[in-house]
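Below, chain A partners chain B and then partners chain C, in two separate complexes.
== the complex of A and B ==
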């Protein structure tokens, strides 16, 4: 066990999101106490009233930047942290928060609040790396507990956390699942980064792409497959946008193919 | 003249971001602002044009802690709007999802969020040296809820296999039997949790408020029923807008709610006050043993209320599993098609009544959506409670006063991220 002084100073912060990724860390009930033996967790407002002004060795940030105050806060955290890790879909792809992108923000606000003059919010949601340097990203909505442990272990032992640059299909095959695409479903597994262990397809639900696009995703072939199954443009766009509406390359390829102005 | 001022930035050990501002002036009503600073999320707005089948998956993302409650409320509202009849098996499995959510969230709130204040710690880790056994127990009780959600919903945060009309995947008989064993084995620990919370009788804040729960004729509030207050009001869920009135406040990204012009309470104490007689026998025995008097108007008893409910919900989950074990469980999705329609549904989330309402066009696309979360319902009452508590704070040190204010807010187990999107009237 490391001594108190040699333990890295670790902080967790949340921007706008459901807090599900911080919760996934608390959900590591079996491992939590052991993890806490290896780090000096100084800031975790969801679980502790202790406060620590920084600097931090490692700072985990979940959620999206939705207003100027959050942007300033993120920049401050960046300055205070040796390593900054974006935690979960809201921080790495914008997640469902980015479904606002491409729509008229004033109309959206007005429809929720009526008089929305007191509501300050940005029209576009972007991954955190668009605002500050992000050292590592842990994907998913929510993140996977085992990936978090794997990541932390690599970091604590001085190794380089591994990146899974292959698609969900690989994990799905390893689990010997029946391919949902072959069953007629519209599954984003072929173009989505692995890491979840093919969580959704394993319980009969097609992948929704929450781990973000796999590098060199063959978007065109995916659109072709969806079209062959009779999916309308509208359906294809909704499937792609669900967790990836702020992924520019992804949307560009979609736009090239479908020629929809607001993508 | 200002005699005392409290400005608490980012209230800890609650879900989401909120600040509290209190100013006490001589001869005047205390000025209280529960500032909801969480960024706005616009769920109801960007949901428009999404297909009915996607609604529950988007809306579960409102909240990590109560994602199963949001998913079930959304599925039931969608089905009511599209006139889809789920099977009895589907309803029972959904109850298990809600019960899993209750177990996990209650164990988290009681032990991780509320308890440290009562034993002079800032978090559960600081409790370890003195309360090793209790901390280990808390982790196990929390895990059990997660396991139940994972077993039925396919994942403990943001369920996967619960879809409009039914389930794409169901647990096996062996899995259900093993789950039942673990639920039964947790009963002594659930009792221990009640006894522990029964030790803490301070602080208190007794103030007669009105209480609201989803009341069902056959079971303690969880999955379905009418909106019932302890003052005798009763309406069906789709008419909720005639009962619950919301207003914008300039310092919050959430709307505040009232019934008949006064604040109200939802959550464990509301459920207990309204449906005490529907609790399981073991839960009733424990109420006797710890000497809890119901109805109770002491808001701090939300905490022990959750501990009582943990035991009841264990019993309820065991009962449902016993019934399901006698049937043939198979993935089943009721036949359905897109059509125009509008309806609402309410469930009991861990923090209280949760209402979802949707309208669809003929293609089954969302034309309007409305979600009222329990935390948003409680805000106005939190402020009213703080106004009542405020005069007693003047004799305390700043630290003690702030602790008391924090404890009061935490007793409501607020879920602030949930609350920041709000009413859309179409």
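== the complex of A and C ==
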């Protein structure tokens, strides 16, 4: 058994988000005790109010940077951490927070807060890796517990955590789901990174892309397939933007194809 | 390029084996349930079951689950011989490295010790694909794991009497494949006509004997007619199929690959559902106790970006068009070179599953017409 001293110091921090990813870690009830045997968890507000000033061996950061204060915090965490891991869609693609991208931020503030003079916010939401060096990313809204465990064991045994550079369709075929694209629905599975175990198609819902784009995502073909199924521009844009509004390649293709200036 | 179409043909003729070695039998449809029940006492039983609007192979505990009227399944029965995820070895790291392999199992599998399984209702295209694996995974890439499972599997085949959507098994000459099956069923009115093809098949019959009766001469004649009439009812959708390897060799840089590549997602679904594809990737996994672990192989696909990535970061097939082309070349050129059999049995699963609606019959027709 490693001593407290020899165990890596691990912290969790949340920026702007629903804290669902940390909750997902807390939900690993069966494995949590075993995990705690291997790490020195010093900061995890879901489980304890204890605070720790750092430095950290591994720092997990969920959420998006929405204002200058959060940006400063992120930079500070980066400096204090040997390994920084972006946790979940908000941190890896901007997630639903990025829906504001391309909109007039002053109008948005007004419509949400009324008198919005006290609200300080950055106009664009971007993945954490656009601000600081991110060593690893765990995608998803929320992340998948089994991916978290696999990642942690790889890190603890000195291995290189493996990336799933393939689409949700792979996991979906192995589960022998009825393919929703073939049923005429709009599924982002073919251009979305695997890792969720085809969560949505397995219960009959098309993928919304929360794991972010798969490498070499064939966005153009996806737009064509959606159009062939009779989807309107509006529907296609909404579908693509849901979790990926800050993903340049997605938006570039949409702009090119659908002639929308503001994306 | 050494490949002779006749050689390809000859190989398939062997696969289209003659029927019954002993006299054929009759199993009443109503007796399927007791038949399955008896089998479950000594074997794990798999067969086609309904999944919403489609079918999958799954474990059967009740005869009523079995849907012998199925058209095709999402994954082929290869999943029982090469599981999507398979432990090759288990290990523990301390106190000292200890490694065990499932292949080391000492007890021999017999019909009676619960170590064998039976798959009921495999169609001819899938039988041909099993034979294809029997060949390529012994002669070219010997695979002890698959062999281990194959020896434990008993196969009850089922003749197709109507073509299923997207298939082209008449062109691939797999429509009448029966080799590999231990028993072969043909639906005949309210019964199944049963050809006993192997000794193992005979053992199964002996064990469930009371449920079978001998087939009459008329019944044999009816089945004969049913089976030969398929020559007319099944369309030859890709004439001169055996010429494909030759025709592929004319063009490597053709416009066709770019066109398909623009459309394809590189998602790999087509190869995962393909009964002849066998590629896998190997990974070591340590469990949370940081001591136990396993070396696992997972189905892989030449359509995925990391498939041809090698140490140092070079990728032999870095683009989607190059990977689409490779899939076709592997099946229709490389495999015929290796074992004189084309790596496609015409099941149509790739077309049925492709989210980009890439159609195998169209694609192969383009090649036949010199369209690469």
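Definition applied: the second predicted complex is superposed on the first by the 263 of 263 C-alpha atoms of A that agree within 3 Å, B and C clash if a C-alpha of one lies under 4 Å from a C-alpha of the other, contacts with A are read in each partner's own complex, and residues count from 1 in each chain.
Note that in this section a residue touches a chain if its C-beta (ideal position, glycine included) is under 8 Å from a C-beta of that chain, and two chains touch if they have at least 3 such contacts.
For clarity, every value in this text was computed on a predicted model and none was experimentally measured.
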One more residue to check, A:4. First (chain B), second (chain C), both or neither?
neither
Inquiry  = Going by the contact rule set out at the top, does A:103 touch chain B (first), chain C (second), both, or neither?
reply    = first
So, A:26: does it touch chain B (first), chain C (second), both, or neither? first
**Message:** According to the stated criteria, A:174 is in contact with first (chain B), second (chain C), both, or neither; which is it?
**Reply:** second
Touch check for A:46: first (chain B), second (chain C), both, or neither?
first
Examine A:208 and indicate which partner it touches, taking first as chain B and second as chain C; both and neither are also allowed. first
Looking at A:259 after the superposition, I want to know if it touches chain B, chain C, both of them or none. Which is it: first, second, both, neither? neither
Between chain B and chain C, the one with more contact residues on chain A is chain B
By the touch definition at the top of the document, which applies to A:153: first (chain B), second (chain C), both, or neither?
second
So, in the complex, the side of chain A touching chain C is made of residues 31, 34-35, 38, 149-150, 153-154, 156-157, 159, 162, 165-167, 169-170, 172-174, 176-179, 181-182, 187, 189-191, 215-218, 220-222, 224-225, 228
The answer for chain C against chain A in the complex is residues 51-54, 56, 74-75, 84, 262-269, 272-273, 283-290, 299, 301, 304-306, 319-320, 352-353, 355-357
In the complex, the residues of chain B that touch chain A are 10, 12-17, 38-48, 50-51, 54, 57-58, 61-65, 67, 108, 112-113, 116, 122-125, 128, 135, 139-140, 142-143, 146, 154-158, 160-161, 163, 168-169, 248, 250-251, 253, 255, 331, 406, 417-418, 421-425
Note: in the complex, chain A contacts chain B through residues 14-24, 26-27, 29-30, 32-33, 36, 41, 44-51, 63-64, 66-67, 70, 95-97, 99-100, 103, 107-109, 111-115, 118-119, 121, 141-142, 199-200, 202-205, 208, 235, 238, 242
